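Supplied in structure tokens, the structure appears directly below.
Letters A, B, C and D mark the chains as written, and numbering starts fresh at 1 in each.
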């Protein structure tokens, strides 16, 4: 189709800009959460970066929505794009994919299947863990009865949640913090499970190859 | 067989009514647990809904048991039907299946295999988590030494149990609450495991396809 | 081989007796742990049952060791038999297998592959959880600072450990209790993982079959 | 290639010495952590062992780096060698592989695929758990507010972390202890997951074989 083709061309062109905007958004959010004593000037600067990058995401999504013919089909098949437009902290779910598409065009030597799945999901886990730590720290820091006060504690909570260890020495107590935590638990269990599954499958394949080589 | 055929026709006809009854039962139970200051009139109303829908489940099960020839075979192959008749809060284990059978007759476009498993088990997890939160809240709310007092805390407990995170900041202390929890743990570990497994398998397949397309 | 054949015949004959002895041992251990105020007569009785059944295990193992020609091969291939002879509480790892072998000779209708794996590992998990609860209760009950005082708490601990939820509201504090717990964690993670894996695989197969039937 | 060949010969020769050095390093580290009241003489001795073995690792890595032609390719494909050279406590990730290579040349009877994966990852888990317990004990022992004071508690923490149970009764509180813990969580989840996956796969295969034999 013509419209479908136009959409693909657009997405290929937009990819590098979206990748940069995603990293900028995450950086701006990180600075605002991690540096509380920000001077008014810098505060305005980083707030502007947040707002501008977010606007870029929204505008780009709407532009694509308008560009295409079958809008219901667009919304249904690219529902993840809608989710990461409304909640930009979930962008890591797309960053990696976009980054991969950019890399691909440069025709670098590729990793094997399992290594690629592990790299993709592993990187997504790291970025989501980082974003979730920021969000939870933002919500919990000054909450009464909270036990997550520093970024270190937030990262510690994120690691113990993503791996479903759940020590319980650092847990969110606010409603918004817990909503983030529930998301991290379910996303974490799925993504970490995918890493583990790929690792097992790679390990089994490697041992099988080794066994065959010997005979 | 004639009797087997009659049973199938009955089940196809009964499906939509059972689906409605299941949702009504869950709604009635939810209202009774979540709105403690119910006026006597409404209390009677919702209690009636609970009793009537439950009776529907029991009558329908007995009707099928009488309809069929080989009763021992019926009980053994449809043991899940017996379980959800005795414990209607476990109905979500059947709701989704029934809903799918209803959908199928309308010949909607179907999802791929892994997406269907993920949707089926994911929805079951959500509904079971909701039902378990209600049951645990009902048992724990006024128990001495309990730490689950609100529906929010009950949902938080359910999420951290279903993903086997187990922070330990919200745990049942009553015998009935713990029985529910043990059920949630084992059902959760199996259902969440199935979601994770399907997700891994889908991810691997998608990456493999992408790799092949490129070559 | 002749000796190998003789061994097989012996094992087939010994199976039912070992099954009964295993259940007796577990029952005797359970009574001794769960009924602390036992009269001297009953105490002696159950202690005798424990000692006699254990002796049966040891004698049977030694008999087989003597019966066979290649003893090193016997010890190496049947190392699980040695483990459950030294630690009879781990017998559930063998009970189910023995029970299955007994059932098989009666030529009952068989379940499909995944259902059999799930039934086997599921039953093993339940029996091991029961045995571990008894062992932990025995060690922890009167330990200073312990939080497992009743059989209910021990079962609650076993469930939250087997599923790797690990709330932390009931944890062993004695060295022996923790050794049991470490065993439960690793055995549990493997056995529960096997149940989950089989369940996923069965679910995927069922959905695939359903999809094919429709087309 | 000639250089690639020379590298392989080198590695085959170096293997047994590296294996001994790895065990020596772990032993020296263990003594220094577990025997705090060491006399000055012994302290110097074990410190020397640590330094010497570490130097061996570094020198061996650099020697191989110099030996080979394509250095960037060497660094990229053998990144694990770099990791275990910088952090020798992670050597267990290589010990087992090396040990296997040594065994192989002796042409012992081999285990089947799943048993080999389970043995490899299981042994790695045990050695890493041991090394991590030492590292965490070293960091936590005298830290204010810590709850890991003895080696037993450190092992208990390692077991509950590796299996992602996470009771929370023993958790690191120092920054370095938590960094070790995060590593253990992610490595543990992957390695234990591989053991579980292999075990499931072996169980399914065994049940399938049994089913076929009967028919």
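Keep this in mind: a residue touches a chain if its C-beta (ideal position, glycine included) is under 8 Å from a C-beta of that chain, and two chains touch if they have at least 3 such contacts.
Computed from a predicted model, the values in this text were never measured in an experiment.
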Inset, instruction - With centres defined as the mean of C-alpha atoms, identify the chain lying farthest from chain A. - result: C
Inset, instruction - Identify the chain pair with more contacting C-beta pairs: B-C or A-C. - result: B-C
Inset, instruction - List the centre-to-centre spacing of chain B and chain C in whole Å, with centres computed as mean CA coordinates. - result: 31
Inset, instruction - Could you tell me the distance, in whole angstrom, between the mean C-alpha positions of chain A and chain C? - result: 43
Inset, instruction - Hunt down the residues of chain D that sit against at least two other chains at once, touch-wise. - result: 164-168, 193, 197, 201
Legend entry - Chain-level touch network, classified as line, ring, star, complete or other: complete
Inset, instruction - Write out the stretch or stretches of chain D touching chain A in their complex. - result: 104, 110, 113-114, 116-117, 120-121, 161, 164-168, 171, 175, 178, 181-182, 185-186, 188-190, 193-194, 197-198, 201
Legend entry - Of all residues in chain A, those that touch chain D in their complex: 152, 156, 159-160, 163-169, 192-193, 195-197, 199-201, 203-204, 207-208, 211, 214
Inset, instruction - Give every residue of chain D touching chain B within the complex, in rising order. - result: 164-168
